[in-house]
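Please find the structures below.
Both of the next two complexes hold subunit A, though its partner changes from subunit B to subunit C.
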Partner chain A sequence: MGKGDSKPEGTLADTASGARDAGAGSPAASPRRASAWAQYRALLAKDLRIEARTREMVVSMGVYAVLVLTVYGATLSQTGDALDVLNVASGLLWAMVVFTSLLGLNRSFSHERADGCMEGVLLAPVSRSAMFFAKATSNFLFMLVVEVIAVPLFFLFFLAGAQVGPSAWLIVPPLLLGTVGMAGIGTFMATITMDTRGKDVLLAILLIPVIFPLLYACVSSTSIALLDVVGQMGTYLRSLALAGGYDVIMLAAAWGLYEFVVGS
Partner chain B sequence: MANESANEREAGGGRRWSSGRWTTVAIVAVVLGCALTTLDFLWAFLRAPMVSGANLSDGQAAIINGTVVSTRLLFSQKIFYFHVPVAIVSFCFIIAAAVYAVMFLARRRESYDLRSRLCMLVGLVFIVATMISGDLWTRHDWGVWWVWEPRLTTYFILMLLVIAYFILRAAVEDPETQARFAAVFAIVAAIDAPISFFITRLVPSSIHPVVIRTDSGLPPDMLVPFLAGIFGMALVGFGFFRLRLTLEEQAMEVESLKRSYEELLD
Partner chain C sequence: MPTANDTPPKVTGPAGAGPAIRARDITKAFGSRRALDGVDVTVPAGAFLTVFGPNGAGKTTLLRILSTLARPTSGTLELLGADALHDDPNALRGRIGMISHRSMAYADLSARENLLLFARLYGVADPDRRVTELLELVELGHRANDQAGTFSRGMSQRLSIARALVNDPELILLDEPYAGLDPHGMRLLDDLIERIRPGRTFVMVSHDLERGYALCTHALILARGRVVLQGARDELDADDFRDTYLSVVGSLTSDVEAG
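Here is the complex of A and B:
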């Protein structure tokens, strides 16, 4: 299918039919109103279908991640042997993740806004929690896909000759926790900035201070995983617990406040 | 519509009476607060004893950026009587802003949004005062202008959040949406205030000592100016908040009077 036929009518119709299918599919739900879980699945399926047709989010985020790596290439080109990249690797990795996520989060609401999709979804009797978690899940999945591509590239470009510790695979838990938090808080903040002036800059201004504690914990645990986890397991786990705890607090706050953000 | 504006006028009349009384209260608060703060300063410099450097948890001198944080008698410690009260008052105002934000979201009254915004504004003034005084102290005692220490970091984030709050307000045109978004963000921002306050308890490696505790053991000569500073600055902050609130309410009243006057002309 071509790009032309998918949008703009596609989004609304897809949502409506998706919700109807899902509602009819589950016997527990009343015929009039789909359960929150069915709504969640329908909204998530809508986002994934848009992405499958346009491939806009993953491509733009992926290209941006590669560009950030290119900038790193230039900035690190004059350091020679003086700098052990391993010491700053986790920071560089997370800077890439943060900036790439910011770009993706800004984009994630462009369809909702341009095609009047948000109004359509709001008109339907959809629970606000289902809306929030569906959008957060789709953003999480897109960020994850980009990380699966960009993190190995990062290792290839910058850590190929470095003495990466055997525990390097332990960067996966902090990456997951960080991405969950950034997708959740980011979706919440992007909903706020969607209708504001200068929304791209505003999202960064709102999001970066809020995710700072999470970022700090993730950089700390990633750093330990990359260097060597032996003897540092306690700090590693404490950082992970901090990241997880912050995720829980912030997701709960975002979930509770979401209905005030989308309006009534 | 006419009924509504009549109600507004009536409410405005009630406000005028109470705003006069509140103005008196606010001015008394500012004067009393200034007196207490002055007492704090005079006591701190004239009576409070000199103390040794930051009370490190293990009793050892620490090395920060090549400078030994020793246990010398520190004249710079006098800034404690200004820096800590102003920081505590800033936390109080951020929390108050979040409480008003919750009340706004629950009841949707414009007056709560106004109070939340003004609490943030007064909070920002105190945060900037804390940052400046803290930075001077950092430079003198630790030998660096800035260090990414947990308390400093979380407090810096708090300042960024409060600034972001005002940028967010400026970026939204519709007053109702602006109030709604601002209230939501104030609540999210306030999550950082307790983190920043308790971080010295959670992360023992923090260079900041735990000040507020029941077994603080501050001798009376230090405790009196410290408490005078807290209450004095809280009163000054409250007075500023109240004066600004009266001003804003009067501005709103003028607007509503203008509107009803135009209606009369039509």
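Here is the complex of A and C:
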């Protein structure tokens, strides 16, 4: 056979039969271990691509946030001047964030459960850490997108006429830390509850007590930011440190336990 | 339609290689219920084992253990020469493929995107090229960019086969792969299995006695988590095997009716 007739190894013609060579089969398939980073990127890109196509998470969470704001509007419209909204604004803001996030977290595994996709991923030699961090990152990003829309609406509807201090921008760090923690712990809890019958209620029952310290720290620091931080910077920073410490410890625990959770 | 009297395919495993699967005294308990109870299975490299049994016999549990998705409560398990219960499970997962009656494909991703995702998870050297090869193999090249959710059952199953082959596995597990397929889809799946068969070991769970027996080189009947009958097809009498299977299914049906 002349040189021009030789068929390069592993061409389409080789694999069209589907036969497996005694060795590695098609060179294109030659097995090597993907790094956890490569697997993280592949899984995150998958979640982002599906969301870009369906917009299920962001739209459902966004609509829910607007509905919560509507309920707030109906409730607060009856209080007149008897209530300074600024005093309760941080609590209202975080109630909206928590309930909106719960809705998103409950839906975050809907695509994995359909058609056995989660099983398909678990069958692959995928680092369970990569699985956890990819899902937590996509949940964080979707929650962040909703907050970028819902928080300005909250300010517009309820705090437009209030005496918000110049330090109001300082609500951003607690919002970021709170969202990181809820996305991380929420992803872990949603993995536990994804195959249970009452997963919607169960996730709330499991998650809210666990994130209570984070919620407390975030409400505290947000409240100080809205009411003017002057003279209370120490308390503000302590609350942020508590939220940050909680995130580090709980994310590490979730990461360490994730293999056990998906394995069982 | 294949029959139980077809000539068994030649076992094409590497000469002198040990068994692809050696399971000893495998037990899997869920609380007080034993889904598998002291199961011993040996499958030579390159063989095709079909596992038969009525619903609840433990077939899917056995397949989940072989796929490393579940761990047995007790027993020992060697897969492809590795200790499946103590060695790195990810090293084994890279050598195993699974085809289920569920597609395991994301409905909102295209066929190509699905396969590229799994190729990257498996660390395939040249994902784009491998995916193109596989799409041609399963005759989905013309629908490569269509979302998997728009596929018919037969096309989904072909995509599932392509996904299972993305890492060029040595061991392929099939969980009721014919479920929900029309006769044309079944014939296409038969053809594909025959094409991908050389050099691989197969374990298939099936309710379809005729088709499952015709495909296999080895057969096994499970009932109530125990092995009732197993052996190489060459050494089994097809009529005896059929009678045993039907009596197992019949006795369990009688139990249910009596209960």
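Everything that follows uses one rule, which is that the second predicted complex is superposed on the first by the 232 of 264 C-alpha atoms of A that agree within 3 Å, B and C clash if a C-alpha of one lies under 4 Å from a C-alpha of the other, contacts with A are read in each partner's own complex, and residues count from 1 in each chain.
FYI, a contact is a pair of C-beta atoms (placed from the backbone, for glycine too) under 8 Å apart; a residue touches a chain by one contact, two chains touch by 3 or more.
These numbers were taken from a predicted model, which means no experiment stands behind them.
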Q. Of the two partner chains, subunit B (first) and subunit C (second), which one does A:Val261 touch, if any: first, second, both, or neither?
A. first
**Q.** Touched partner set for A:Leu202, first subunit B, second subunit C, both or neither
**A.** first
Q | Winner by number of subunit A residues touched, once subunit B and subunit C are compared | A | C
Q: Examine A:Ile50 and indicate which partner it touches, taking first as subunit B and second as subunit C; both and neither are also allowed.
A: second
Q) So, does A:Asp115 touch the first partner subunit B, the second partner subunit C, both, or neither? A) second
Q.
Per the contact definition in the header, classify A:Val126: touching subunit B only (first), subunit C only (second), both, or neither.
A. second
Q: Would you tell me the residues on subunit A in contact with subunit B in one complex that are also in contact with subunit C in the other?
A: 263
Q: Sort out for me which residues of subunit B touch subunit A in the complex.
A: 105, 153-154, 157, 160-161, 164, 167-168, 171-173, 177, 180-181, 183-185, 187-189, 191-192, 195
Q | Residues of subunit C that touch subunit A when the two form their complex | A | 14, 67-69, 71, 89-91, 93-98, 100, 102-109, 113, 117-118, 120-127, 129-130, 132-134, 136-137, 156, 163, 165-168, 170, 192, 195-200
Q: Would you mind writing out the residues of subunit A in touch with subunit C in their complex?
A: 12, 15-22, 24-35, 38-39, 41-43, 46, 49-50, 53-54, 111, 114-117, 119-127, 263
Q: Under the touch definition given earlier, write down the residues of subunit A that touch subunit B in their complex.
A: 192-193, 195-199, 202, 205-206, 208-210, 212-213, 216, 249-250, 253-254, 257, 260-261, 263
